[in-house]
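Shared between the two complexes below is subunit A, which pairs with subunit B and subunit C, respectively.
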Partner chain A sequence: MSKENKSPNEGQNLATVVVVTSGKGGVGKTTTSAAFAAGLAQRGYKTVVVDFDVGLRNLDLIMGCERRVVYDLLNVIHGEGSLNQALIKDKRQDNLFILPASQTRDKEALTFEGVRDVIADLQERFDFIVCDSPAGIEKGAMAAMYFADEALVVTNPEISSVRDSDRIIGMLASKTRRAEEELDPVEVHLVITRYDPSRVHRGDMLSAEDIQEVLAIPFLGVVPESKSVLIASNAGIPTTLCEENDAGNAYFDIVDRFLGHKLPHRFLVAPKKGILSRFFGKE
Partner chain B sequence: MHDMDQPKPHFMHPAHSPSPQDAIELQGSALTVVVLHLKNSDPRILYPQLEDLIDEAGSFLASAPVLIDVTALDTDAQDMLDFSYLLRYLRGAELMPVGVQGAADSQKDRISQAGLLAVATVKKEGYQETKPAVQSGQSQAKKQPAPQAAPRQEPVAPAEPPPPRNETAQHRQTRAAAPAAIAPVVITRPVRSGQQVSAPHGDLIVLASVNAGSELFAAGNIHVYGALRGRALAGVNGDTEARVFALQGNPELVAIAGDYVVNEELPRGVINQSFAVYWTESGLRFQVLGSFYF
Partner chain C sequence: MSLFSFFRRKEPTSASIAKERLQIIVAHGGRRPSSPEFLPQLQKDILEVVRKYIPVGEDQINLSLDRKDDCEVLELNIAIPDQTVKPPPRTRF
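Let's turn to the complex of A and B:
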């Protein structure tokens, strides 16, 4: 792979590889990847977000860079373009880069050796590599998680999503480089998205405590069900780069807790409905 | 056919390994075998049914040591039986016949000529109480829920004549013969969806939750000191004395010795309680633990 261009801050520690995964589709992996990577970048870390969803790439849309894609991850793996050509710099945040997936290739073209070389290259240039995993437990998902040091397991408050997450947590403990080389296990963190405390209160939705009880992994926080997520997606802006909004704030909390800060959990309790709360705002 | 070490069911592993400095070590050991009860020695009836049985059992019986029980056959019927042919037939089907049980004294020579071990005659009334190893022909849907639930097998001591074949008495004897010889498998992390954990020889103890979509197998008891939401199959080798214990139970399926209850059939009162499950002739019984109201 192309090693010609070293990052200016050489000698620094290698980047941490974070996979965003869930097993189930549609739970918000790509939204989380984009918001989390942008949040890390906002906190001053040089971050790249890599789309592993070969054939169904979406990350570039969420990041708003779909019209600037020339080369993609598979071109780099197959030597058809250099990493520099494929990396897209975010227009809003200097620390943030995107490595898009191929929309036309087959996911079988994603070789482990190729992914390893690309990740090794990226590790020398960045502080964090965020891997946006495809749904399922097929090759793309396996490739995305294989080199991970840490993982965000994205779960919706419903049983099928929890069960799929459970399955993925088991695989993170057995089917990754860290497991195979008997290193420290992948650090797994729980992120609950599309959380609606009022529906939890009515018993329509699993509570965050129930999910933590089943999955038994450290909890980074909930992202509330929010209109701003869809608005941000359609606008191609990660929620953490939009104007202040509840989902963006939740993702910043998650980023800060991931970075080791202790913060009280928010968005777990439904705002009281009434005139007073309307006057004094949510929270 | 004394090579007891090689033919073992796929879920068995060598239990004893000799110490490295000594070339030889003598040790008593119990081997689990499948008992094949013959009720008719007419080859026109016997072999088609055997074929059905082997087809149905598939790989469960592959390389399984088999004890041929002819107790149910009278002397004439035993005369009709061609032991050499039967041996070749069973080996051809990848079974490993090791001996013949319940044969008349007059048959002993023919049995040893065929290369089989003649084990002592068993009382007929003892046989009637026990169930046949695997019934041929009829499907045992209710008996064998999961493919991993092995056919009913009974432990015998290979070197000695087997004790009277009263099932419970025999199990007690086997257990008393080797107290705590088999260390339990202990799992301290959550058992997650898609994972299987098995204790092929003894008890399985899980000190965490067992999540939906996972499976536990044990030759002996299963203890779950957490929530049991997956499948738990105890006594997979047919031990009806095995039990399942859960601190908080809502299993997808719980089975003992092949008899099972699915989640929908769980008694309402036990769901999410601490309970023990045990086997009876008429089905599995649930006992709520830590409650003094019954």
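Let's turn to the complex of A and C:
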């Protein structure tokens, strides 16, 4: 599907703002933001991924550009540097840019007007703006979701993560620009990460179906619990820019479904172990 | 096989317990029918009836409402304690 069909800002040629959020920390928001943004860029869309985790930035590490950070989001907001100076162009993918967060300031420095102006500026230049939200429901998380057109709600198959997602879904429906201006609501999508189908099969992990039923929002797909994620983060390469791997493939499916393609779901059942791998204990 | 072992269901998995707990606490009541208010009372009433025949405790009965596609399933689990058959009381003449 073309971007014109996808974008809620249809006709204006403005970027679609997508927040990656969860409430709970450590569920895979930053991993997802990086892989999703890089995946959109790989599909030909000019994409910027913005780190809203002020004070605890990590996206730069996952994207492998930590040594290229000079100016950040807060410098731009407070007029200490221009957007052009702060945007980092990815070295591997021409369509991909990163706007890092500040390491030193705290979240209170994220002003509403400042974020609004930066987003508005980015909307003129990109097709997609992916906002990596910090955990929690405080200022940073609220700023990351406020201007969103769509949201990826990242959830682990674990009870506290599901409840936090439920709270965040409520906030997306009430505490965003779209809610306050009575526009079409933020389009929310469920992304389940760190999924282990073999544990689901044994009955000791919530299934994707269970989580969909509890949260009752459209489902984009699962990302399996995968060793590739740590290897990718060690190297500073989003999983969708690495050599082919299961997490990267799962994220590409999620990107393609987000873009409107109908794809059968994968990674919902555990791969059968072959005889050889059973003997040698490989995975 | 006794009639009672028919009632004895498989232990619920930890995942199904998690799901049940979540369904009670999630906030979006308006988006899906939450479990009806009469459920606890129904559970008490059933317990009373069952107790006329079998000695079971409060915590050995569990009632839950599930949704499968577009139909609701009311599930009743009663754990029945193992009954050791007692010899008839001694009779003296």
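Everything that follows uses one rule, which is that the second predicted complex is superposed on the first by the 262 of 283 C-alpha atoms of A that agree within 3 Å, B and C clash if a C-alpha of one lies under 4 Å from a C-alpha of the other, contacts with A are read in each partner's own complex, and residues count from 1 in each chain.
Here is the rule we go by: a residue touches a chain if its C-beta (ideal position, glycine included) is under 8 Å from a C-beta of that chain, and two chains touch if they have at least 3 such contacts.
None of these values were measured; they are calculated from a predicted model.
A.B. asks: Check the residue A:V214 against both partner chains and state whether it touches subunit B (first), subunit C (second), both, or neither.
C.D. replies: Both: A:V214 reaches subunit B and subunit C.
A.B. asks: On subunit A, which partner's contacts cover more residues, subunit B's or subunit C's?
C.D. replies: Result: the larger residue contact count on subunit A belongs to C.
A.B. asks: Could you say whether A:R116 touches subunit B, subunit C, both of them, or neither, answering first, second, both or neither?
C.D. replies: neither
A.B. asks: A:G203 in the overlay: touching subunit B, subunit C, both, or neither? Say first, second, both or neither.
C.D. replies: second
A.B. asks: Once the shared chain is lined up, is A:D164 touching subunit B (first), subunit C (second), both, or neither of them?
C.D. replies: A:D164: touches subunit B, not subunit C.
A.B. asks: Can you list the residues of subunit A that touch subunit B in one structure and subunit C in the other?
C.D. replies: 159, 163, 166-167, 169-170, 213-216
A.B. asks: What residues of subunit A sit close enough to touch subunit B in their complex?
C.D. replies: Those in contact with subunit B are residues 159, 163-164, 166-167, 169-171, 173, 213-216.
A.B. asks: Would you mind writing out the residues of subunit C in touch with subunit A in their complex?
C.D. replies: 13-16, 18-19, 21-23, 25-28, 31-32, 67
A.B. asks: Looking at the complex, which residues from subunit B come into contact with subunit A?
C.D. replies: It comes out as residues 189-190, 192-195, 208-209, 211-213, 227, 229.
A.B. asks: Can you check the complex and tell me which residues of subunit A touch subunit C?
C.D. replies: Residues 159, 162-163, 166-167, 169-170, 200, 202-207, 210, 213-216.
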